[in-house]
């Protein structure tokens, strides 16, 4: 038997699961050798620039390309009329709707794509854009979704007039997209009718944008001789893009190669298929030259993939002790001009019905109506699983409001309603099967860490002095890892994910994945999983993603699905290899496979010290000495279809002070405890949590895609769209518990989005808590100084003394 | 985000620059730090046919003391103002304000002259200049003329500077020893323009306020001098009640434009709050309380 | 981005003269700083151009002008203009209603109501200036109109007014200066009858 | 417009090229000189991803004309490592997990490179102020501050922490 010290040393050498090893990605990034889409430099590349609508809603009377085409260096100007013969002027969306690639007779949102200028370089292309003359007849713009279903509301989608269906069920109005209902309406209404206490609150998750630091873009290169299309693209889901491009272009998937190189952040912005991509591809096919399209930041904030815009009304029924008896939710969802939100096809409101949260709620009912407005399409999950941020926001605000009404402490009311550890697996009123959790333990740990009781005492004192101090609590449950193919698909493709591992003769390995990192360090994390499963050092395990010609088909990275789905595929693929290795080891040691024990990096013959074969030795043998009848080589592929989602959870507490003269909020303390099950690389997990909390801070305190009454954007540059600097960003305190997922091969759950999903309600609960003693129940996000001051001023708290 | 085409000129002397300016006329624009002009050109709001880059005119840089006043070359950068020992000692209001402008990289390019001549009420130096009772040296084909900061700012992007003139130097009378000063600025985040900001320069005579100047940033189409507020405080021993009255007088002259920073009501109240804070801070720095 | 404004201008000239000018659309249009009629399409429709300059920023709008109504009894004129800037990135519309009120003893008052709406890039990034800019447009319109009416008369005032007309800027930029001058001129005339 | 001939020192080597006056330094660096380490994130000088060192000062190269660099000295992330040795800042960002997607990293490195020369022994808050012209969407900045401090210490005591 190996000594513990000796085996521990061998284990450490692997730098596998649980090790905070440094990232394998970093050396290229810190030396300026990353390879992002705009860095791709193919010979003879042309540049595409988009002509966009200044109007939110208008009819196009004419487009005159002559002046632009006359500009030296301009190769082509494409409009909807040029795409019509190819049937590419409209494209299908992930939500069963269609979206104009280039505006067809009318524009339905400001900055909508009207024409594309292809020129020698980005300078000439920009000049060309100014020379394209478009004559518009402005139409009244519909900006307020609450007016979308009015009798006299302007009709946005004339192409759908007369159609009572737009891909997601029955439409009740020309601007209506779908109605989605889930739960027991009658049962819920009954409980409300007889409830001791009820609370009702309207609240808004305003329209925001993921705003990754790298904008969207692509380089499309069509080889006329070979008939191959290669597309370098900023996509979180390259395989899906290839499928969509094939459907659109008619080219066989085998002739299309989609490559996601290094990506400068995604956060949901890079899931969709955008008109810019399509037009660059068409231009390349038509002109037979590589065509590059790169968004400006203003275009990015104005057109590609907004998030949220959920106008919610929540209601809770409870008894006098604050035990929740029922939840009722009505949502008006503003989807913009085209329904191109990125959700699993069968889920028009994503996974919003997880809105019963961490609480044992007997009965619930949710209704969501989606409507069109004259705003950009999108509706992506901004660093969250589909619509889960909205769901968690709703329940975490509502339980605070209930506590306020009953004058019960906001932590206490949570303990009274938590699903108890012994209730797992727990089936929710809205039909989700929570895999595992221990909510009370998490909240207790956080309360002790921050001295919750002491904070409440301090708040008492401050309130006497007229000072505003807020304590926010959020005890969220996330649902990630989409998803079981019986429930989830994208355009009919099940949401499995994949891993292919090849172990080389000398004991190094390459793994190829169907997911796509946008900064989450997959090259490191997956290598660590394989290291532990195969007993080979993570250092010599190469992980590749994003090239559809080499990687197995996968659905990509979003909704924190990489570890829950891709990570499970990796573990299972590695285990297939280990099973074969066991047979080879048995052959080499001339024993039966059952006589072998696996230990860290080798198989040992039970009870016979020294009789062992390391994985390195087995790898060599796999290419020259395998049992009779066994094929050579050491590799495996796994397509993993998860049996269920995973349900990470956490307990957060935020403490902030508000300046009653300016409305400024200063976050004094933010303590975040996350439970994502088994932790693969704690350093990377902590980094993900820092980032998620920072994006949560941005959303809660400042981010807003704002419009004026005519649909003009008011915050579409980094001057007005809030991205915090190091100075504003609070200092984060992190903590964890570990409650493994029972159905995941490693017990891992996924983590990157929890801090965003749980962070936003925690901040907004803190701001609202600062005013709750004054009877305020809801201050809407974003909590800018201006917005907070309005409440202060109405209450007269800013009076000079 | 690509600027239109233009011709580029990089003169080595002010005379050369003025000659260019006169000969090229309306289609020429002066390039100082470029962080206001270049973004406008990238958005194609500004499309000058000629850019005259002042960055290669060394004479336009530098900070010196002459007689009772500080002379600052118009092309002196914000970071040079911040780093200047002379200013920190004799005229600390400037470095205090400069530190609150934009971010470190931009402050390496942004110049005091550009900030003033641009005529944007959101810029910070105009109010600081008003509070400092600065004098600007404008040079044109006909030679130099001196213009007081008070009276230089006419309207939105519209100043006393003629089309063929260049702002070459800023002259600031050195406040007497023991003067108080403060620049209080409220902004949404680091690097942002002011939601509201107030510059105060103050002298005490014992307990009484011998002299005070108060100026407001981004509260109207131009930076504003709050003269009534000044008059109210001059010759009195300052207390909270008086400071409050002064703030009210300052608020009364505000005419801000609504934007994402807030509506008029908020901005006017914030101008009042920044005025309170600046007066209090200046007072304590002057040894009052 | 929409801005509605109303302004009154007292004119030391008979209402009849003011009304006469108000019916001369070409002249009225040219009271708009930087504006000019380039082509008459029919009795009520014209093609025109407006040049604007604001500090380093400048834009040229090409568009159409429509005379909505000319009411002799009310001495009221209503026009609607819309245009797109030459880069196609911004568009603007303006409703202008101008009315002459006889204030007796050979003097009158011009009441201007403007409703300017801007969309596109200018609304995105120029929003905070819209109010002040349309202020200036209407103000300048009134002042130019006033001096043109007065120029119809005789005497020193008329000559000065004529001079002012001659000086009328071809763009919006210099207007502030000119109107300061005009202001002074009116003050001297009416002891500060602030236009 | 007539193109102008410009020459400057890039990462220690003399370079020359023909540019239009309107060409931005970031585009010339990335597209003509193929130094793609510096990135474009916002184009309005807010994000700092394009930060390079020009004549001993950090500037945002999306808001500097290439002609303005004529005769000057430019340092980009590609020139940070010296004869095969990573700069302490590069080490620091890796050791302290100061990057994720890596897109802001070259700008962060170039700004902190100059910042540590302006302020060799900064407090954490001074680091945050000194880096306030650079946006990161991934890390939340805490590890970036640690990375800069790691380098500050290493530079103070050469040959290790």
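Here are some notes:
Labels for the chains are A, B, C and D, by order of writing; each one numbers its residues from 1.
What we mean here is this: a residue touches a chain if its C-beta (ideal position, glycine included) is under 8 Å from a C-beta of that chain, and two chains touch if they have at least 3 such contacts.
From a predicted model like this one, the values you see are computed outputs, not experimental measurements.
More C-beta pairs touch across one of B-D and B-C than the other; that pair is B-D. Rounded to whole angstrom, the centroid-to-centroid distance between subunit B and subunit D, based on C-alpha atoms, equals 30 Å.
Subunit B and subunit C have Cα centroids separated by 33 Å.
With each centre defined as the average position of its C-alpha atoms, the distance from subunit A to subunit B rounds to 44 Å.
Subunit A and subunit C have CA centres that are 53 Å apart. Shown for subunit A are the residues in touch with two or more other chains, namely 122-123, 130, 296-298, 714, 717, 719, 725, 727. Taken residue by residue, subunit D touches two or more other chains at 20, 22, 43-44, 46, 129, 132-133, whereas all remaining positions touch fewer. Multi-chain contact residues of subunit B, defined as those touching 2 or more other chains: 1-2, 4-5, 44, 103, 190-191, 259. A list of each chain pair in contact follows: A-B, A-C, A-D, B-C, B-D. By the touch rule above, subunit D contacts subunit B in their complex via residues 1-2, 4, 20-22, 24, 43-46, 48, 51, 57-60, 63-65, 67-68, 111, 115, 129-130, 132-133.
Subunit A contributes residues 122-123, 126-127, 130, 296-298, 661-662, 664, 702, 706, 714-715, 719-720, 722, 724-725, 727-728, 784-786, 789-790, 793, 798, 800 to its touches with subunit B in the complex.
Those residues of subunit C whose C-beta lies close enough to touch subunit A in the complex are 1-2, 82, 84, 86-91, 93, 117-121, 123-125, 127. On subunit A, the positions that touch subunit C within their shared complex are 51-52, 54-56, 110, 129-130, 132-136, 138, 298, 708-714, 716-717. Taken together, the subunit B residues at the contact with subunit A in this complex read 1-2, 4-5, 44, 103, 186, 188-192, 195, 240, 244, 259-263, 265-266, 269-270, 273, 276.
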